[in-house]
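As written, the chain order gives the labels A, B, C and D, with residue 1 at the start of each chain.
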Amino acid sequence: MSTRRFSHSDPELDELYSDLSTEHLQPLWELKGLLTPTPTVASVPHRWSAAQLRSLGERSGRLVGIDRGGDRRVLACANPGLGGAPYAVSSLWAAVQYLGPREVAPAHRHTPAALRFILEGSGVWTLVDGDPLAMSAGDLVLTPSWTFHEHHNPSDEPMLWMDVLDLPMVAALEAVFFEEGPSEDVERLTDPVSRSERSYGAPGLLPPPAERTTPTRHSPLLAYRWADTDRALARRLDVTGAGAATMTYVDPTTGRDVMPTMRCEAHCVVEGASSPRIRQTGSRVLTVFHGSGVAEVGEQRFDLGPGDILAIPSWVPWSLHAHERIDAFSTSDAPVLHALGLYREQEQP
Amino acid sequence: MSTRRFSHSDPELDELYSDLSTEHLQPLWELKGLLTPTPTVASVPHRWSAAQLRSLGERSGRLVGIDRGGDRRVLACANPGLGGAPYAVSSLWAAVQYLGPREVAPAHRHTPAALRFILEGSGVWTLVDGDPLAMSAGDLVLTPSWTFHEHHNPSDEPMLWMDVLDLPMVAALEAVFFEEGPSEDVERLTDPVSRSERSYGAPGLLPPPAERTTPTRHSPLLAYRWADTDRALARRLDVTGAGAATMTYVDPTTGRDVMPTMRCEAHCVVEGASSPRIRQTGSRVLTVFHGSGVAEVGEQRFDLGPGDILAIPSWVPWSLHAHERIDAFSTSDAPVLHALGLYREQEQP
Amino acid sequence: MSTRRFSHSDPELDELYSDLSTEHLQPLWELKGLLTPTPTVASVPHRWSAAQLRSLGERSGRLVGIDRGGDRRVLACANPGLGGAPYAVSSLWAAVQYLGPREVAPAHRHTPAALRFILEGSGVWTLVDGDPLAMSAGDLVLTPSWTFHEHHNPSDEPMLWMDVLDLPMVAALEAVFFEEGPSEDVERLTDPVSRSERSYGAPGLLPPPAERTTPTRHSPLLAYRWADTDRALARRLDVTGAGAATMTYVDPTTGRDVMPTMRCEAHCVVEGASSPRIRQTGSRVLTVFHGSGVAEVGEQRFDLGPGDILAIPSWVPWSLHAHERIDAFSTSDAPVLHALGLYREQEQP
Amino acid sequence: MSTRRFSHSDPELDELYSDLSTEHLQPLWELKGLLTPTPTVASVPHRWSAAQLRSLGERSGRLVGIDRGGDRRVLACANPGLGGAPYAVSSLWAAVQYLGPREVAPAHRHTPAALRFILEGSGVWTLVDGDPLAMSAGDLVLTPSWTFHEHHNPSDEPMLWMDVLDLPMVAALEAVFFEEGPSEDVERLTDPVSRSERSYGAPGLLPPPAERTTPTRHSPLLAYRWADTDRALARRLDVTGAGAATMTYVDPTTGRDVMPTMRCEAHCVVEGASSPRIRQTGSRVLTVFHGSGVAEVGEQRFDLGPGDILAIPSWVPWSLHAHERIDAFSTSDAPVLHALGLYREQEQP
């Protein structure tokens, strides 16, 4: 019997509650904690250490074939506050993926959207709907909702990157679809510039409107290169003059977030400086690309270095303090909060 | 220890799994059911009967004061598939609210948005940010996200209506805020036309752009009257020629859904006819205003009459068959599915 | 030789100017009045009197067959400031059209968009892409860009209405296209409600998104009835509390102007009151439906009564003063000024 | 007497026409050429030669001070078909501007929007609302509607570029405003990267939404550098595989045209190849940056080389044929045609 029973010392009320239960009804006045002054947040601040992620990734690479299940060798961050669910924060899946030399993770597609931020190495290609995207350290690579994608490692070195997916949201909305795909023979695996970049990768320039791809809900630009991000952060630092800057990855055809469910951001904090202490509705996952320092998340402090992954729950103030200049990447569910009229942001003293 | 432990007969793997668990990581290849060919749906088709809702509402009215908790006398539909959660379907709260003679449900506001569809009676006013909205049978009344609202029953009769809220989604995104409000002395409680209708209630006519209210995420029109809906359905039936028609309630300043999280629709099916059998991603709650017939939801059939409430889970085909002409009202999370690029709809044979 | 010659007393300059002329070049420093502090306005305030329009319309009806030229019996308002061009103001064509008993103005279409505001009478139908729109006093009827349209007068009475077209703008952009069309046998000429109104004529209600007509640049609602306009003005007067109110006709699927080139507005001013004295970039044509009073346009005053047509040039302050309650209709090019970022509006003391 | 008189051999008609004229009315059936099957186009194909433009610019520089009138030393292209109006095509002003060593063209602003395409040289700065934009060959620099702008030539060399303005359209809409501005002491005149480029000049990266400049009707990126354009054309050529490619300059925050009235495009045609022969509603001005070849515009052929300016009227088919690889820049009124629903494009055999 799944319906909750409420009880009361008053026999008449008790009988009402029993009849309500029989009818699959619940009395609002006995329900607590539904409408709270500020959000009830399940996930907790947490850091996964790069050393552990790499070491456990390598052990998995030795012990587990890529075809073992799910066709991907992935270690999912499971937030300690979420009761065993394999989610880094309430609304986002985050994981490290380990692809050994000569391995191929075969083609499939799913409605949950994914992105990859490459922490180190190079030489792996992700194919998205037939367009080979070279993956190198610092790059952001998108595999949007319902696009076929596969990963190829033709090199002699293993490679490891961070995956982020909107899976918790898509699952909560009961809209997960999945399909295996035909893997492709790809001759263009040596082209460092993807087809998507050839048309959509220039600053302030696009193909003529009639030649653009049919508008989709995601960016037609699928790979964002670190060299561009690095230069953009440096230039933006000059404008903010604050020792910290953030740039948002956008769909160049709309200026909106790269995908409808996830905002991607690059952050830098120069040596000795701090990023503003803010809190936002919605959850965030952050990883460090370069540098080191400390993250304050609510009451907690975490030492941070390259490759560490950090969970920042909803409405918890956070900031970064750089011992040496930090370059970091984060993903949040901000586009969803915006779309639903639920986004709030506060700078904290 | 909240993190899941995986185990294996291979000792090396078992040790890996143990170390993963310590580090709050989970091996994707051991997780089942994450990416399914079609959605995994938790809620089940269910009907709450009008007779029970009314009778239990009345008993609650006798036994429980309105100030008992939550400031509302509300019976929440708890879908039998949701393990005791007070939600009618996975993404929507639905409930009946019972307000006795001379009662006032005091002012508050919350980020979850609400709507009221009045099943019978009249004489109650809902104030939304100071604008009194008369409530009569067949009307739709909005209390959008973060608007102060209160209910007044100055009459000698109790009144009962259906509430629908987007609470499950706002809670999942950890964005619930709540605030009590100053209740107002309202002199205009006898005005059958709200301020919102005076400016935004005409077909194809709006105040000049410079005089419109600052754009918000919800309709500035807050009350939709049954007489208009009834005429619109009749006219639309002439166009479809199919014995069934649906009209969507919209924000007249944008043509979009009345609120960013919930689509509201009026349906009619003439005697002897059926609505198309469709399935959609996302969940729906439907109630009957007039008429009777049968709802097919997946494999199940439910007799339907005025005031019954029906839960239609994601991706389950459904249709209505009218014994006598049915007028019905439904709310779904379709705007969210659309905004996130996850909406799919199929007509079923 | 069409190129302008500039001359100068300095022989060297004179030779330069001569050479410039040969090369079809002009020296900016000799051009005057290109960039003026405020707009240079060619058209002048003017009123065409209803009595003259009706009488000359009737005489044309007697003397000139409808097939004489242009397939329409139309008298075009020619602003005295425009040097003989047949335009009421710089950017708008306005005219009265006279259709005799049993006459039919045959089908054609053109890229200039047109609208009809019916000053008196009833019984005429305009077909727009096959949808018959009954025309009665006070109604607004649209024949958007490139839609086939024809007018039928099956009655025994002649009928006269005001046409407004965006022809000057479309001609200036060199984008006029024209095509004769197949006139249709129309059985539905007795239906007082058009197909467009059946689907798009209800306040705050639309067909479901998937059933709406493919989005176009114009409103799918093609007829706006006086009864709705009248009630909307009355209700809006209650909100403004100023003795004057304006409502804008909109596309119900977007809340935007009914067509991309012309804004349509209904105005009322109660007895003894005045509308705000404002000036706006862009031109306007106004006609009176009911009532009488005085229009101030710049320095000029015009007595106004039913059926008079008034030209209000760009950036000239204007207001209406009602001796008896005035209901008026106006069209302006405001959507173009808005789209191009050129709209300015000022309230004048 | 500005009103046109129509006359007729029939005395009754003649009297009617006389009375119409008195009332400032014109009979549609006597007006010819208003609604034509295809556009009536006033401007004609024309080429202004680079050699003449440079030579006449230099002579003007010697003979005419910059403060002589209009504060700019500008030679306006006057299309031979426009009866002496100083417009290159019906809807666009095009001109060459010549700024001598050490000269400053002082600050002003106007509602007509302007853009500069630099044909040769470097060392001049345009300040737009205080942001110094270095100007070098191949760059596009925007001075959008109502932004203060001034030009500084601190070098020892004169400089010459092409100006394009939407003046004909703004004048036709009677919305020209002009204001002199305070010229600024600018210390940053040595910074090769403008403030606008620091925030908006990276591919697929923008400041976070809350840090972006308030949305305006124009691109916040004000300078587009040739190096980026050149690379974008090269990459796009790989995708089209046709020997010709076009890229559109866009507002990176929206993907839309850089200004609401003018589309800017870069074209390249490789040696021996041709661009597609197309015709479009709306007018275009094109200039060659590199290379040489032939332009076919309607029935006419023009030899083209660097710095030549070409007028392409509405609805006239045109294409480029490259003897040596052509890089060209063009501006058209396409955004206006699009906004008003009047854009048509046809590929011609």
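Everything below uses one rule, namely that contacts are C-beta pairs under 8 Å (C-beta built on N, C-alpha and C of every residue); 3 or more make two chains touch, one makes a residue touch a chain.
Here the structure is a predicted model, which is why all the values come from computation and not from measurement.
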Farthest-lying chain, centroid of Cα atoms versus that of subunit D: B
Listed pair (A-D, A-B or C-D) duplicating the B-C contact set, over half by residue number: A-D
Where subunit B and subunit D are represented by their mean Cα positions, the distance between them in whole Å: 53
For subunit C paired with subunit D, centre-to-centre distance based on mean C-alpha positions, whole Å: 30
Inter-centroid spacing, subunit D versus subunit A (mean Cα positions, whole Å): 43
Two or more partner chains touched - positions in subunit B: none
In the complex with subunit A, residue positions of subunit D that touch it: 193, 195, 197-211, 219, 221, 224, 228-229, 231-232, 235-236, 238-239, 246-255, 258, 265-266, 338, 345
In the complex with subunit D, residue positions of subunit C that touch it: 2-4, 10, 12-13, 16, 19-20, 23-32, 34-42, 46, 48-49, 52-53, 56, 59-60, 63-64, 68-70, 72-84, 86, 90-91, 95, 108, 110-112, 145, 166-179, 216-218, 259-261, 281-283, 313-315, 333, 336-337, 339-342, 344
